[in-house]
Amino acid sequence: MQTYKRKRLEIVVEKRRAPAVLDLLDREPGITGWTMLPCIGGRGHTGTRLPEGATDALDTVLILVVTSEEVAHRTMAAVLELLEEFVGVVLMGEVEVARPAHF
Amino acid sequence: MQTYKRKRLEIVVEKRRAPAVLDLLDREPGITGWTMLPCIGGRGHTGTRLPEGATDALDTVLILVVTSEEVAHRTMAAVLELLEEFVGVVLMGEVEVARPAHF
Amino acid sequence: MQTYKRKRLEIVVEKRRAPAVLDLLDREPGITGWTMLPCIGGRGHTGTRLPEGATDALDTVLILVVTSEEVAHRTMAAVLELLEEFVGVVLMGEVEVARPAHF
Amino acid sequence: MDAALANLLSPPVLCFLLGLLAGIVRSDLEIPEAVARSLALYLIFSIGFKGGVELAANGDLRPLLAPLLVAAGLSLLLPLPAFGLLRLLTRVSRVDAGAIAAHYGSVSIVTYVAATSFLQSRGIRFEGFLAAVVAVMETPAILTGLLLARAGETTGLDARRRRELVHEILANGSVVLLLGSFTIGILTGAEGMRRLEPVVASGFQGVLCFFLLDMGLLVARRFAGFATMGAGLLLFGLLMPLLGASVGLAAGRLLGLSVGGTALFATLAASASYIAVPAAMRLALPRANPSLSLSLALGITFPFNLVVGIPLYVAAAGRLVG
Amino acid sequence: MDAALANLLSPPVLCFLLGLLAGIVRSDLEIPEAVARSLALYLIFSIGFKGGVELAANGDLRPLLAPLLVAAGLSLLLPLPAFGLLRLLTRVSRVDAGAIAAHYGSVSIVTYVAATSFLQSRGIRFEGFLAAVVAVMETPAILTGLLLARAGETTGLDARRRRELVHEILANGSVVLLLGSFTIGILTGAEGMRRLEPVVASGFQGVLCFFLLDMGLLVARRFAGFATMGAGLLLFGLLMPLLGASVGLAAGRLLGLSVGGTALFATLAASASYIAVPAAMRLALPRANPSLSLSLALGITFPFNLVVGIPLYVAAAGRLVG
Amino acid sequence: MDAALANLLSPPVLCFLLGLLAGIVRSDLEIPEAVARSLALYLIFSIGFKGGVELAANGDLRPLLAPLLVAAGLSLLLPLPAFGLLRLLTRVSRVDAGAIAAHYGSVSIVTYVAATSFLQSRGIRFEGFLAAVVAVMETPAILTGLLLARAGETTGLDARRRRELVHEILANGSVVLLLGSFTIGILTGAEGMRRLEPVVASGFQGVLCFFLLDMGLLVARRFAGFATMGAGLLLFGLLMPLLGASVGLAAGRLLGLSVGGTALFATLAASASYIAVPAAMRLALPRANPSLSLSLALGITFPFNLVVGIPLYVAAAGRLVG
């Protein structure tokens, strides 16, 4: 099966910052889509987070974006700037897709 | 630690189509397993999906499959054919495993 | 955007074994963080798991760890040893990050 | 007027408005999905069960037949004027028009539930078999919507897809639960009610309030999409319930239903599905844009019926039948 | 006969059958996991609390001791005939046989709950301390099952694993909740009941109905696995509850329990765990196939007990004791 | 003493202790997050609604003004001594001290709910408008905490962040729900209560029990963090509620509140937020360590207030006012 190379961004942010990140993605014309997954815990520089019955203040999500190399680099920089001092990580990996026009 | 190369497929589909995809995976003898994760939103050619209290009609899931290169290509083609006009994306990436017989 | 190479580990284990795995990660000084995601099903050598209303005994989670190549190899071996005869898979992939000190 | 105000100031409608307000100011108030969906199942179970118990008390199943047939007919036929109106007022594609038409031929269970709650608070009785009428109206519209959307296409659905679709229509979760609880109500009657009363009857208003709070949040989220939708679509979302209600009122009168029953028939015809039909549409018309029909059914028609429509239809039924 | 029909036509059993039917026709009806698990916690809390309150009313804790000891003994010993039957009737591995035997030595809380609901609807009283009996029967079977599965192995569990397992057995969530709510019932007595009555008592039947609806859906999903399981296993799933019930009836009679108490003892012995034991088995016997034991306990023994077994055991207890 | 024992042996507190115990022995008992959060929403809605209904019964809104102003003032000012104490007793950073101070200026709704439940069980009445007092105390402390944390920094928040923060404070989910349900209570009054009574009133104690069970589990999980926290912080978690309560008692007395009202005022001042403030702090002070403040508010101050504080404050209010 013929495939085409794309970049795969993974962004872990607090659920309450996700709308700001999604807004940013929606404003970047090179991005055709994203997928958001829930997290049930994490550890980083701001300590350990485990599910809390009482508050969702510490919940995080993982946002997955597949896009071209150029857009991926631009987006990575933009997201990191947006996050600023906020919690979060941005990862970039390789991925192959079969329908190049879709991404 | 010695590792072996495999392919890592990610399939995002509507929850209601997932059983059809899993059936397909279960019928392919080269595939030894899969993992399914819930999504809490997404955007693509069919618009934006966010969690709905009222209906689960728009819910999506992410299915992860680790398998050999050959089987991965075959499966990618088969899943895309199954999805046809339905919503969904299929991604293929590289991954290393330690227990080659397991995948 | 300048990026740095890291390894990306994915560990799928039963939810009840996750604390043991997280303990292991927390004791490895080279690891600065992890992210845990819920799974809603899976298939492997111990059969098919789908969500059960009655018991969470079969629930699994996916733990994501980004770290250096050396630590990743060490951790992969340690996790596989911990899992022993227990259910689970460990995958290693490539990833690029922008803030090298963070991982 | 008085009834309209009473409706507006009832706890369920106020909870809906609170949710709407919270959504509009983008509060982080959020009812977890798993719980909201369970509350919907509870509401469906309750109205089915109570309808069955009520029917068992009367003992006579004969008067059921005509209303059920008329209801199925309404569900099959209402997509036609809906489709016509959409082609007239808007520029949505044929596929989207078919999908939207299917939503409006079908019914909104929560709107029905809110209407029964309004009737109860006013002391107006209605026929127990109406729970079965709801179930019967849920899915026929899917067929018509599909035919409208696909008309002109040379290739229909292939055999497997057709089988899947029929299955989806018959085995739809809310239909199964509604008919099932209705049957359980008939089978267990007063004794069953004695056992379940604290849950299905006493708890009903409170659960409805929480559920409508969540509906308000969801409806507010839909508002964002209105900007890109065009005035024609918004107009459709207000005209279609009035058209449906008129047909429903006429049908209720012809069937000789009580005031309450006629008002509920009108409410059903006026309402648009956002549980059963969206699910079926993902299978029947995967290329239809689901946000479009949900924004209309959930964002416009649902609040319109809840706040303005229900007291209006009850008043009209009172004039026509009472 | 009459009792069997009354059981079949009770709301809880009908809800179970509705879920079963929905599952068989592969309806998309689905109770969110988070809610289903919470309903199970509610049921456990309620029976524990009510048992404790009942015991506090009688005041006398002495009659507790013998039943608790016998119950623990039953849980420890029942895996032995279960294991024997499995080796006789089926070809499952030693590890799987041990795991399955552990499930059958332990108990199903939901089956117990359904039995108390059946007794209540027939006006048959039972001893309050039985809630503690349930707790005591949950985990000893795990030890026996483990020993059976590992017999013949030269290496046992290492020290850490053994510690983990003992912890799992003692700190198992349902055991802790059941004993805890039982204790809270004893400590707060009638005054506690006055405060919690609307939730733990009035709501009980309704919650049980919803929970059994979900159980029906889960059981139907298990049916798919039967094709590959072989007739011997299915037979075991029907024989073992009858054997367990006989032992339980005898034990109840020996202990001098009431008709209701004896019937519940039989039900407990006849039932198989699908909450506490599966969890412990993942730790004790990770290589055992969890689908196998769940398919048996959930797919065969649970529906058999719910629909046929409970009225049977109650009738037998009536003859034996009444 | 008697009251303290009665509190300790009440179902809600025993459920909390059960959860605590289960958490300490690391049981796998777990209430799904989605359900726990929904129970919290239920509790918030119930106290708001009941407060509103109560106020509507008295008809007079005037006595509301002074308590609301004083409450807002307390929330604004209490972070000052909290910050001072923290700098004195501990070595946490300025940012963390500001964040923690904000939590303690604000209030814990669940502590308030537990206090009303305690008052009810003792037959002590309190003013209905206190539900509004809770809402008013939730967020002002955030401002003070933020100013304290940022004092000395040359650059404040930029305009966008400031807008976001004001929004977070005003549109915070629990504030909106509390004020909203309070308003619905006022608008629908006795008639609304008649409809919602089975859910918001009868069910209250039972839901509180389940919620506190989960709180116990969460609190136990926090204990693990204590090892690294230092004695100064733990001391702060015990001293600050006493200081807050004293101020609250004085305020209640000055405002001429009833014994119950004064005790609730004290409880509010003594309690620390773990719903509204943590959410706002993620935006206002993202670099603050959220585990630190949650461990204090949830792990020390909450159990202290629940088990020891509430009966103490009620007794003190009785002396001061009664």
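We just call them A, B, C, D, E and F in the order they show up, numbering each chain from 1.
By definition in this document, a contact is a pair of C-beta atoms (placed from the backbone, for glycine too) under 8 Å apart; a residue touches a chain by one contact, two chains touch by 3 or more.
Bear in mind that the values here come from a model prediction, so they are computed numbers and not experimental data.
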Which chain has its C-alpha centre farthest away from the C-alpha centre of chain A? E
Taking each chain's centre as the mean of its Cα atoms, which chain lies farthest from chain B? F
Chain A to chain D: how many Å between their CA centres? 37
How far is the middle of chain B from the middle of chain F, if each middle is the mean of its Cα atoms, in Å? 45
Chain A residues counted as touching two or more neighbouring chains: 16, 37-38, 56, 93-94
Chain F touches at least 2 other chains through residues 28, 30-35, 37, 198, 202-203, 279
Which bits of chain C are touching chain A when the two form their complex? 1, 3, 8, 22, 25-26, 32-38, 61, 64, 66, 93-99, 102-103
How about chain C: which of its residues touch chain E in the complex? 14, 16-17, 46-58, 85-87
Using the touch definition from the top, list the residues of chain D that touch chain E in their complex. 32-35, 37-38, 41-42, 45, 167-168, 170-174, 176-177, 180-181, 183-184, 187-188, 192, 195-196, 198-200, 202-203, 279
List the residues on chain F that touch chain E in their complex, please. 9-11, 14-15, 18, 21-22, 25-35, 121, 198, 202-203, 205-207, 209-210
Flag every residue of chain A that touches chain C in the complex, lowest number first. 10, 12, 37-45, 60, 62, 73-74, 76-77, 80, 89-94
